[in-house]
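Below is one structure; the comments refer to it alone.
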Amino acid sequence: MTAAIAPETLGQAWDRLRARRPRVHCITNTVVQGFTANVLLAAGAIPSMTTDPDEIGDFVDRADALLVNLGTLDAERRRAIGIALDHAEARGMPVVLDPVFIDTAAPRRDFARALLARRIAVIRGNEAEIAALGPVSGSVLAVTAAVDRILGPTGDIRIANGHAYGALVTGMGCALSALTAAMLAAEPDPVLAAVAAFAGFGIAQERAAALSRGPGGFAANLLDALHALDADALARETKLA
Amino acid sequence: MTAAIAPETLGQAWDRLRARRPRVHCITNTVVQGFTANVLLAAGAIPSMTTDPDEIGDFVDRADALLVNLGTLDAERRRAIGIALDHAEARGMPVVLDPVFIDTAAPRRDFARALLARRIAVIRGNEAEIAALGPVSGSVLAVTAAVDRILGPTGDIRIANGHAYGALVTGMGCALSALTAAMLAAEPDPVLAAVAAFAGFGIAQERAAALSRGPGGFAANLLDALHALDADALARETKLA
Amino acid sequence: MTAAIAPETLGQAWDRLRARRPRVHCITNTVVQGFTANVLLAAGAIPSMTTDPDEIGDFVDRADALLVNLGTLDAERRRAIGIALDHAEARGMPVVLDPVFIDTAAPRRDFARALLARRIAVIRGNEAEIAALGPVSGSVLAVTAAVDRILGPTGDIRIANGHAYGALVTGMGCALSALTAAMLAAEPDPVLAAVAAFAGFGIAQERAAALSRGPGGFAANLLDALHALDADALARETKLA
């Protein structure tokens, strides 16, 4: 299966992302909003982040992709998510769902499961979160682990890029979900988009770690590495397995 | 017009800011709260950020300046803004309005226009946001662009400091609005205060960029450069046009 | 009194924290959530941060310690705090209270005083905040100042570690409160836990400052220093007085 994806294809997706500068509306948790916005900006996308039900429709209408992240969920965010998905569906806009911590709280798990009735291009989470979702059909699953996995309709692609410091910085997974949403605005195939986002993010982590003494410097260096990432890096450093 | 502002005047405003250590109460969006607070601290001011209507009056009463930023607006923030402005007006406290993204959502634009009936010293935004406000009287307009413009009662001052990395870090404009509020507590002339804040922030950006590989390192280096900024830097590196 | 604490004891508490990897549920203000989470991760703990009353019970049930920080308080957070404390008490879980800014707003001060009826292991604040609490019994007081003080049932321990840059980065005190909560999951004696957290945080600040040009680099370097901190550093660099 992995032979079907040439690293050049991934670099081309990144080039298109940079050329298009997509707007990504992010409903995401307050812990990681700043870092997520900085990852999107460093990668060449434009973030917006309101969660107010009264105005989120206007924001989604102007966006090219939507991220729905369930961290720090509350009643207002639940309502905003419904409105945002309505607007995204009406425009055929790609949606990424990040079911943060649904393995920890039952109300959040049930809310996430109800969202599976919606049109979601990619669901990104760790193994426990994806397992807690239960059966999923029609969405690509993008699973973060020591070796990441992208589970699409035709098989399973493994990506071995990344660095252990990533687990020591809050919001790494959340930011990767936002980056996947941005990539969907440049690459309509959800498997290719997820692989491009994961590989690029992992390569940037590796380059950042080589310059870092610990997780604090790593977070800043990761933004620098994402900003400098080019198609050549994707072609040479992507590790599919 | 610009001949009327000597760079020495700007350095003196910064010296007074450092000596006074003003308290700035910030109603601002959750994406940028941390970075805004760190910019204020690095520049010598003291931030507070509650948005709870029950206690915001007590916080504004102890502040020296107020920032009203409309990002991540919600019902509670709208109510808190009204209370905060009542307290600020009762004390003759300077107010900065940052009409984030009012060009994107009509409810937010209408809310911002209604605020124009209040006493606002400086309104800072980008060109699209300022255009969406419609006619403004009685407030200085501070417009962020490739060359920034401060539009006061007696003319138009242009400031050519800054660096392109500033557009790749979330909250740069929001933090500059907060810094302008801090400067108003040290320099009562709103044109001078805005020019001092913009010039100092732009110089700090230039110095930070010279030490940075990308936007991640730049954000940290900007805080260092703001902390080290002195009247001599203002006198020698300000680029008015 | 201070002769009773050997620096080796503090290093052992840090070693246990790293071995246990405790989960710390943090009800904390939106300004500092990201930095607090990164401090916990760098120190070896695992943060969670929801404030939704509907699901906070599930999160606290899975945690090893609870932080209650009163910054950016609102009605939902007040309700969540009550539920979280009920769950923590039912499980005998250690709790840290951080009464941010209760010297500024009366409603917040009254809310904090009402919390004193709960079982709180450690209260961490600055001198003005601790003074505003009024009489406290049954909790260790951990007071941040030029020389920090830990006030326990048998006396007063002074800790002289730390660096002035700490006052120029938002959320330093809030993050130290979270770190104290993490330490309580590894060291049940609240005096020892607070001293270990304060000494380690102060040593990490000193090491970070030696590598920094200003507060921006300092914040990143502090995370690196916390990640690298070991029992040997505690044994050699702790300054009790």
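For the reader, a short list of remarks on this structure follows.
Chains here go by letter, A, B and C, matching the order in which they are written, and residues are numbered from 1 within each.
The definition used in the following text is that contacts are C-beta pairs under 8 Å (C-beta built on N, C-alpha and C of every residue); 3 or more make two chains touch, one makes a residue touch a chain.
Worth saying up front: this structure is predicted, and the values here are computed from it rather than measured.
If you lay the C-alpha trace of subunit A over that of subunit B, the rotation comes to 120 degrees, to the nearest 5.
Of all residue numbers used at the contact between subunit B and subunit C, under half are used by both chains, marking a mostly different-residue interface. Distance between chain centres (mean CA atoms), subunit B to subunit C: 32 Å. Touching of two or more other chains is recorded for residues 30, 34, 219-220 of subunit A. Residues 29-32, 34-35, 71-75, 101, 104-108, 167-171, 212-217, 219-220 of subunit B are the ones touching subunit A in the complex.
Against subunit B, in their complex, subunit A makes its touches with residues 30, 33-34, 37-38, 41-42, 47-52, 54-55, 58-59, 62, 76, 219-228.
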